[in-house]
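Take a look at the structures below.
Common to both upcoming complexes is chain A, partnered first by chain B, then by chain C.
Now for the complex of A and B:
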């Protein structure tokens, strides 16, 4: 016969244990997220080169100056293009490839590995490989265009301000499609066969079958992919930094690379902090619904 | 009976083949380039006349040390981040009431923070505690910034373990901490494995934290070395491609070996 009083006491002490456990992540979060964010906000109200003993308080001047800089708007606009591109491009292609492969294709395992492999590569490696692909005279892209008689279409892919962003997005597509593909592929596998069979017996065409049955059931996977795409668009740094450094003439700059250049290239810590705060606010507005979805799913699963 | 099915599959199959060729091409070209001598390198599509392994020797000489640094940074950081994620996910999976939910939401908001925003204070913080340009500094930084994702992942994984196991263990005289260390953690191998792969990729591939917090050959990981290598004015593509291929190999092999665990992990808590 268990001692119920003892058990009840144990459930009460479990509260203390839980609190002790949670103190570790909460402390790390406070030191490495909260403190730096408050500190960045404070710094954004100052003018400081990172060396002089005291930052000079300038109020909102950094924020106002940025709003008068075309360079800032250009980077912001680039972030928005990247957001749209990342939500649609790799997601769409990943979904297409997953849907095509989801019918017992021959060589399925090989396709799966080939599509997914680029995702495992470090951004700097992707950048190194694609700088070589885009090399204007001997790169693969130019060579292929020349060999099919379209050499006239070859461009200075990373050197032309009007093309550089598309070139970067091309390499990003290659890098990240694998993630969307794999999530959708696994999602399609999770759809019960009966749902598909029932619709097929009703006489649905493959097209209808996909859009009316599979796609709605893929919603959990879609949320994961879109959420990650939005997070990536706001954090975007590595690929741009390693491929173009934001150039030529700031054409491919995004807020993160601009912030980095302003802070550690020009030593304008206050200005750079203001860029960061703008970035955080924009990221918050765009990504908060996703975080809310994630947290809400907890309650759904608890309700079951 | 077979023909209509075959023809209906012909179009998707050919699209997949074209896509696979495009996806594989950059890696194949990188591999071929890494095996060519400088005189052959401009003939990008051709096979190398003879295998020129000297590129790998040059690459190893320039980045061998940082490759070791990457291992020294990644392995402990991954282990620590899993541990922190589990310690954080356990109470959040078992706590009833609003308190746990608020802490959970609070930690999750970390996922929306662009890491650039913390770089300047982080730089001064790490320098102030004497960990600037050291490998142990990265052991601290990587697990700390992994808290939101690892918490999310482990909390969802633990939530899929039946609660009755927890209650039974307490009734049998196990303490809540004892349950975590002796029962829950050993039973969570598959979740920890999946998270380990995700974290290995994130930490091995990181450029931003490494570029801010390391500078010398004694501490900087392979990503920083390659970024420097690639942005020098005279890029030698042969050694660069060799270095690039060496740098991507560990994570790629890990994924190929643990593909299944990874897919399960992606959908793990999320897919259920």
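Now for the complex of A and C:
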């Protein structure tokens, strides 16, 4: 028996145990993350309709063709617009709502549910609701504007190429603000009361209290919200596809919807793969330094 | 029980589950998810299963449209688990699958159902690849008619226009009466389908097929003339904010008396009926100017993937039932579409449906049944044509017209160099 315990202890402390425990996540990571990326890159060097038995090798042609297409740059610019919007819009509003509710309003529990509820709705349902809201003649938004004498502000929300992206962002704001709100609200509630009390005693105004005490202490929550917003902006697909299919005439297209249309609407799997490789690289270039910087600041603040 | 025994039991369960999948029900994949079209496919499946008690088929909805169906099929083919049969569009949408050897040649089935006799020539063209049939037509809708509200026309003292001058005059009169003249909807299809009428008016039936085969360029004076005709007539007539509406929202505008006319596929008739807008009493149709005596159609067919013998047998029995006059009627009546089989009794249709059936029969006799150009063109050319047409219809400027022409012409030349065009 003592021998058995010895073997067991040795087994527990040896590298083999670590390797066994690590093997599952590493295998999953390799199979479902690394392999698809390599496979997608390989496909991007071919011309393939998705069905023919042998894809034709075309080298970097798919990448070069994309670089000469205004459609590709338009979708990329839309992604960047979405990035800016998602970093500022839902994040700012979520923070504002959390700060307001944290002041101890009456009916806090109800507001908490109301603010978060839209985030629980699936993207396709959100799209269906807002498609109806944005109907340009009899939709809810136009009707409300007309009833309060602001009919002149009513737009062809999803049909005007110069308006459609703002309209989509409006629906996204309604849908995702709840997430930012919840994270910020939880963050605010976790701030030690002593810090707030100490600042109050020192005579800090509510404005100073928020910006000088609460907001810096909210940094971990801010990282989560901004990080998710940046990732969402790069992988944006569902709400755009379900509401406009990237239209009218590519106006609201982002790289992910262009990739889907190229793959399954035009049967150009190789070119679609090239778009996804570009998307991966661009997302990496945009998001990684940002995440690195944020993570570094967290480490610094923890060290302090 | 020891751990090894538990693992053994789990493996047995997994093995039996996968075996059950292989021997599972034979599926028919389609994307008729709701309303009249769902009722149509369910009626057809019920009819076919009654006809073939030993070869039952089960319908499975693939949510979305042709694009989602394609994605699902691609995955299924990769996993070697395709359905017994599926809803397919025509022409190029069939060809990609045929080229890859995924579809079953339906020549024997075609002979059994006498396909060359029961389907019009224009219909046969788009389900045959290299002379062999790969699809069984069952769901046909004409797309060259304009629906109009009878009450609005009566109030404005209008008769259905017969030419483009008459159409523009009717639009002016409706607009003066405070009604939006002609509805349209956003997306790459509807403006394109509207454009076929000015196109056929300009280039004729022969020119239409020449565009489909790549022989007639997009930079020719004829094509520009068609664009100019479209701009000065239909585009001029379009309702305000049309591009921000779905086709059902525009149909609602007609029902609610806000819009006088709507050029849409025959499926709009079923939508009007469901909304309580009775055919002939509340709405009627007339052929778009320049398409009198012609039938431009959109159609779905059943395609059968290669598979095990028993699955193929079930699929073939199903498509034989679906091609029969009774099977076609079982689908067409609830769906509100036309049966491509010309032996179907015309009395199954309502008054507007009967008009469509007569239009198809007359056009068939005159050899003027034209398939939807979108599906005759190589996929990338057809898709871009739809996108560019929508852009042009939203902003019919000379700059957009020139961009449309140059974009499509360079795509045509590229597709020609690749040998992608087919003569249908």
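Methods note: the second predicted complex is superposed on the first by the 272 of 304 C-alpha atoms of A that agree within 3 Å, B and C clash if a C-alpha of one lies under 4 Å from a C-alpha of the other, contacts with A are read in each partner's own complex, and residues count from 1 in each chain.
To be clear about the criterion, a residue touches a chain if its C-beta (ideal position, glycine included) is under 8 Å from a C-beta of that chain, and two chains touch if they have at least 3 such contacts.
The model shown is predicted, which means the values in this text are computed figures rather than measured ones.
By the touch criterion defined above, A:238 lies against chain B but remains apart from chain C after alignment on the C-alpha atoms of chain A.
Once the two complexes are overlaid on the shared chain, A:55 sits clear of chain B and of chain C alike.
Once the two complexes are overlaid on the shared chain, A:131 sits against chain B and chain C alike. In the superposed model, A:264 lies in contact with both chain B and chain C. Shared-chain residue A:170: touches no atom of chain B or chain C. Residue contacts after overlaying the shared chain place A:14 against chain B, while chain C stays out of touching range. With both structures placed on the common chain, the touch criterion links A:283 to chain B but leaves chain C unconnected. If you count the residues of chain A touched by chain B and by chain C, you find the higher number for B. By the touch criterion defined above, A:249 reaches chain C but does not reach chain B. Taken together, the two complexes place residues 131, 135, 137-138, 245, 260, 263-264 of chain A in contact with chain B and also with chain C.
Listed in rising order, the residues of chain A touching chain B in the complex are 2, 7, 10-11, 13-15, 17-19, 21-22, 24-26, 28-29, 31-33, 35-37, 39-40, 43, 97, 100-101, 103, 105-106, 110-111, 113-118, 120-125, 127-133, 135, 137-140, 143-144, 147, 174, 177, 182-183, 186-187, 190, 206, 220-221, 224, 231, 234-235, 237-238, 241-242, 245, 255-256, 259-260, 263-264, 269, 272-273, 276-277, 279-280, 283-284, 287-288, 290-291, 294-295, 297-299, 301-302.
Taken in their complex, chain C has these residues touching chain A: 67-68, 70-71, 74, 77, 96-97, 99-102, 186-188, 240-246, 249, 252-253, 256, 258, 379-380, 383, 387-388, 390-391, 394.
Note for the complex: chain A touches chain C at residues 49-53, 131, 134-138, 156-161, 244-245, 247-250, 260-261, 263-268.
Here chain B touches chain A in the complex through residues 8-9, 12-13, 15-16, 19-20, 22-27, 29-30, 33, 41-45, 84, 87-88, 90-92, 94-95, 100-101, 103-122, 125, 141, 143-145, 147-148, 151-152, 155, 159, 170-171, 175-177, 180, 201, 204-205, 207-208, 212, 222-223, 226-227, 229-231, 235, 237, 240-241, 243-245, 247-248, 251-252, 254-256, 259, 263, 266-267, 270-272, going by the rule given at the top.
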